[in-house]
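Each of the next two complexes has chain A plus one more chain, namely chain B in the first and chain C in the second.
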Partner chain A sequence: MIGKSRRIGPIEKSQQVLLFLSPWLLTFAVFWLYPLLFSLILSFCDYDVFHPAMFSFAGFKNYWRLLGDGDFMQSFANTLIFVVGTTPVTTLLALALALMVNNVSRGSGIFRSIFFLPSIISIVVTATIFKSMYSPIGALNRFLAIFGLPGQAWLIEKNLAMPAIMLMNIWAYTGYYMILYLAALKAVPRQLYEAAEVDGADEWQQFRYITLPQIHYMTIFILVVNTIRSWQVFPEVFTLTRGGPVGSTNTMVHHLYETAFRYHEMGYASAISYVLLAIIMAFSLLQMYVLQGRGRDGGSRR
Partner chain B sequence: MKHNSFRQRGLFAVLAALALSYLYPWLYMLLRSFMRHEPGLSDGNGLFTLDFYRLVLGNAGFPTYLYNSFFVLTIVLAANVVFSVTVGYAFARYRFPFRKPLFWMVLITLMVPKQTLMIPLLDLMVRLGLHDTLWALILPFCVDGFNLFLMKQYIEGLPPDLEDAARADGASEIAILRHVVVPLSRPAIAVLIINTAIINWNSFLFPLILTDTASVRTLPVALAMFAQGPYATDWGALMAGASVSSLPIIAIFWLFQKEIIEGITSGALKD
Partner chain C sequence: MHKTAIKSVLLLIMLLPAALLGADVELVFWNFWDPKFILPVIEQFEKDNPGVKIRNEQVNWGNGLDKIVVAMANGRAPDICELGSTWMGKFMAEGALLDVTDKFSDLKPAYLMWEPATMNGRLYGMPWLAGTRVMFYNRALFKAAGLDPERGPATWAELLEAAKLIHNPEKGRYGFGMNAGEGHILYKKFMPFVWGNHGQILDENDAFVFDSPQTREALDFYLKLKEYSYCEKQDLLDEAFKRGKLGLAISGSWNFARYPIDAPELDFGVALMPKPAKDKGFSTSFLGGEILVLFKSCKDPDAAAKFIRYLTTVENTLPITREALVSFPAHKDAYSDEMFSRDPRLGVFVEQMKTAIHPPVHRLWIELEKIINTTVEKAMYGEAPDAVFAEANREYERVARWQSVVRTAARGSIGVSAVTAGIGKSAEVAAPAATSQNGGSTQILLLALIGVGTLLNAVLLMFLIYEVKKKAG
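What follows is the complex of A and B.
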């Protein structure tokens, strides 16, 4: 993956190299490395950006506090529920849509566009529309009324708010992963199916023994990428519920946001952000491992 | 594979039903934004009105937010194109000390969640006096690690012969970039532009944190604030806000969807 430069550049070009690299080096140092380290230091301190004079060292206090903080634990549990509740559904639905769009003989292009569109629109727009549809007199309750089902206060009821956000999230992002699955399906060699047909394999057998193994890496890739994205769920919570009712939709990033920018406990918030970093890094390393595995097998998507 | 027409029709019906559930929210948004509901009219019926758009495009200040979003996007895009090509070229073609560890650093920047950087970044912007300006939304995002990765990989795959020939003719490195590397890298640059544009246009967390005043808000933040302000349950106004925020993107989507889908697919490494 790295270091296959074909031509070794002349060494006297060193100031050229520095000139070319400098924008990145500067951005990297100022807007990435420094914030990352400063955040780590802050997690061992008490600090407020807007009152920098009240800075004090706190040792491991912030990290100990996490363990006994019911709100943080709730936000962790909520995020876990969100990830476990959405990621498999989104992935399965994306695969189903991709298979259907791939096999339908008429209108596959337009179906693909319709399913894909929500994923490139700002999630805030989506949340705004759903906020209206979820309202007590909104479209969802009117739809349920057709079947004689009682309406619900979707975003106000403690047990319904999180599922409502999850449903919206699934609606919004499935099309993106469908596009990835479509690319993977296109890359499966046609000869495999032809050979299987000669051998008398039925369609289920073809799916089970050819399609699934052939798109295996894409499935793992989608699961990991989707998990990483879902751990960071925030704008939809901010737009729809602000973490309520009674903390039932308070996710980790939302809790981090509130701790830092509403309660101005930026040291403690930094400790939360490092817990998030640990979780995301673990999944990112898994992602790299998966991608390198794909590289070894030479199974390219294109 | 065999396609008998009965199964095809069933498949089409299932897809059409699903497509309807995907189209419904957009139709709802449009209808609601053009309709005033008067007491006494039966549910679902309303009178046609442009009042909500007048509100959104007038007092609610959406043209300003649109301009802010566009301003930030333009500069971030231009910077990313220029810097990704130059830095990617340096990583792909030059041999220099710490080349490998530095490139590992590029990859590691992709793994760290941006939320971990947000408090120090706010702190930095306050100290630099850039807090609550559009520059706070531009400077940190001018050189994106994923774009560097993309360009480096692409340029490495190009045959170096043309560059060598140009070099033998005495062309400067900048001239080689402009006249040889950039024209050959068009497909990768297109992917870069599409991915960066979608991510930047929809960016929410940093614009939320790094700005305070309404006059420097970008569209997503402005819409989220609008959805919580005095119009929080004025559905017509909210839907007009949502439609003003999304219609430009929907239009661009219909024009460039082939390119966008290609971009998403080859840029799948990044979310």
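What follows is the complex of A and C.
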């Protein structure tokens, strides 16, 4: 290591690094940084795509308007319900499945594939299948009828549409997070369990004091990523309900989409997207702060 | 020897794009159809018109409008474009389309659907396809319920009675198929009841008159009908009807492409939409269609118009519609085709089209559509009619006020609008100059943005260099 750094000077090396990074940096700038900045500026402007020449500065008008916009407030509440309802369930379920698959002595490969299968299907396809399953004469109601339970119009009832979307979302994404958990579980050194067994620790104690701390960083990762994704929920809503019935499944990104592409108010839509960005950032930072702190205290003594 | 060969190859490579670009006019055509229907027509057209190339690009109904709007904003609008007729009000009023009055006016006697392509007496598109919805009914269920299977309900009362008699959810049979859970299309199903009852959305002076005794009566009836209805989305309603679970449903001709193949034993009839009562109102339905338009940026309007005239002929449009049966050609001669006489049920669509009503062609239509959908949907979910109509009026006030602010600003800055477009040439001529001026300021803004972006990038790069140096050193 030391020998190498003497042969190649630091500046030369940094140039090499930059050379290799440049394709990424370029795409980052063009497809990420530029739109990000552009939409930030847009959020302070009035911009109707039919009148590009009318581009005018509007100050905080768009942000003020958000506060008085009932549809936006409803979409915020809906999204919050969605996040709170799906993220913990998906994470816990993924962990439970991963533990089970990890402990199955035979055929773990089959289980792994089966549980992972939903996440390789396009979410639009999944949603289309669920749409017919959720219909009053669909598969779900017929399944319920076997147990003598009354059928429901899942996507038509105001109070059932959002839970129905949440259920589908959980079904579709649990497998993916299970695979991530499984990878983390496989990396836990076997010796730790052997040592614990010698010390007489029972299964729960092993899980609590070895498994959980060892997969702590994966848990943070999954929670943060899952929360971000849940805040941005869109294709499920667009395919299943388009925000209906009566706005009960209108999520923030769907509201943003409608504002931008149905009513063509790009400035206002950009303001919504920046509010969403702020929310997501706040949530992620909070999660990382809380979880990482705890990880250090009660965590792995390496 | 060797060098000349290389040189000639290089020359060839350099000249190739020029040869490709220089020879022909290439017009981009955006439409919503399976290319297998469109490409043969284009091929034949190109053969007959050397020097004109048409590039076919398919967009889909899910995001087609977004793509068109975004392309327009970026100055990359297609030369020729298919637009849904309910979008026309907005596009025409915003001055996005090329005035084609002198290109297609001579075709007026031969085609239907000019209304959505016309604003202030000027023509901004060519009708291509037209379609409507009628009442489907299941003959077997009608017989079982003791109703006459030979004719559908002629009045609201008969419709309600038929739905009531058939409705039996325990046995998996439902009276009427009512659209729900897809707020964005409710107006297509509800407005026929309002229109047939002499109700309107906008009156002759463009005042918002949706909240009227006529509309309230229609809503009242619609809510009564809901008691005997199966509430679902359109595709699932069509599916339920196909499986013989629905007595009645308002649907479109596309079912004729599926029912006979998927469910040959399904015995169904179609009827004109019912009218309010024997001696009251009239039978009407939703009329919609497809308009072919040229955007202002069209490279060669004359060649494009030539292609549109070619595409909209009966010979070229009928094969497209015959396959999918979503709608019919706008050309009147198409209706003498044997397709309509072979199945008299398709003839009902032709009959209904004569009385069907196109939604208002208005610059605020997209917003109005939402107001109507929301009103109907909220009422369906149990809100009191007084409350939903009051909200509709409030919402219209807000939208109209908001839009008038935008319009005033628009007129001030670019000098073209629905009103001025109607005045004629002077505004048309004045517009480009004004636009380019303002375009200049937009460009400066964009340049400034790019500048900021580059600066930030540079900072990021320096930071990276610093980090790498620190690590290495």
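Everything below uses one rule, namely that the second predicted complex is superposed on the first by the 249 of 302 C-alpha atoms of A that agree within 3 Å, B and C clash if a C-alpha of one lies under 4 Å from a C-alpha of the other, contacts with A are read in each partner's own complex, and residues count from 1 in each chain.
Everything below uses one rule, namely that a residue touches a chain if its C-beta (ideal position, glycine included) is under 8 Å from a C-beta of that chain, and two chains touch if they have at least 3 such contacts.
Please read these numbers as outputs of a predicted model, since none were measured by experiment.
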(request) Would you sort A:Thr126 into first (chain B), second (chain C), both or neither based on which partner it touches? (result) first
(request) Name the contact category of A:Pro136: first (chain B only), second (chain C only), both, or neither. (result) second
(request) Return first, second, both or neither, reflecting whether A:Tyr263 touches chain B, chain C, both chains, or no partner chain. (result) second
(request) Considering only touches as defined above, state whether A:Leu155 meets chain B (first), chain C (second), both or neither. (result) second
(message) Looking at A:Ile114 after the superposition, I want to know if it touches chain B, chain C, both of them or none. Which is it: first, second, both, neither?
(response) first
(message) Contacts for A:His51 in the overlay, against chain B (first) and chain C (second): which applies, first, second, both or neither?
(response) second
(message) Applying the document's definition of touch, where does A:Ala187 land relative to chain B and chain C: first, second, both, or neither?
(response) neither
(message) Quick check on the superposed pair: does A:Val101 touch chain B, chain C, both, or neither? Answer first, second, both or neither.
(response) first
(message) If we overlay the two complexes on their shared chain A, which of chain B and chain C does A:Ser14 touch? Say first, second, both or neither.
(response) both
(request) Could you let me know whether more residues of chain A are touched by chain B or by chain C? (result) B
(request) Show which residues of chain A both chain B and chain C reach, each in its own complex. (result) 5, 11, 13-14, 17, 21, 34, 38, 49-50, 52, 131-132, 135, 242, 261
(message) Residue numbers of chain A touching chain B in their complex, please.
(response) 2-9, 11, 13-14, 16-17, 20-21, 23-24, 27-28, 30-32, 34-36, 38-39, 42, 49-50, 52, 97, 100-101, 103-107, 110-118, 120-133, 135, 138-139, 142, 171, 175-176, 179-180, 183, 193, 197, 203, 221, 225, 228-229, 231-232, 234-235, 238-239, 242, 253, 256-257, 260-261, 266, 269-270, 273-274, 276-277, 280-281, 284-285, 288, 291, 301-302
(message) Help me check something: in the complex, which residues belonging to chain A touch chain C?
(response) 5, 10-11, 13-14, 17-18, 21, 25, 29, 33-34, 37-38, 41, 46, 48-56, 131-132, 135-137, 153, 155-156, 158, 161, 241-246, 261-264
(message) Give the list of chain B residues in touch with chain A in this complex.
(response) 1, 3, 8, 11-12, 14-15, 18-19, 21-26, 28-29, 32, 43-44, 79, 83, 86-87, 89-90, 92-96, 99-100, 102-107, 109-113, 115-124, 126, 139-140, 142-143, 148, 156, 160, 164, 173, 198, 201-202, 204-205, 208-209, 219-221, 223-224, 227-228, 233, 235, 238-239, 241-242, 245-246, 249-250, 253-254, 257, 260-261, 264-266, 268-269, 271
(request) In the complex, go through chain C and note every residue touching chain A. (result) 63, 65-66, 69-70, 72-73, 90, 94-96, 172, 180-184, 230-233, 236, 239-240, 243, 245, 366-367, 370, 374, 377-378, 381, 406, 409-410, 413-414, 434-435, 438-439, 441-442, 445, 449-450, 452-453, 456-457, 460-461, 464-465, 468-469, 472-473
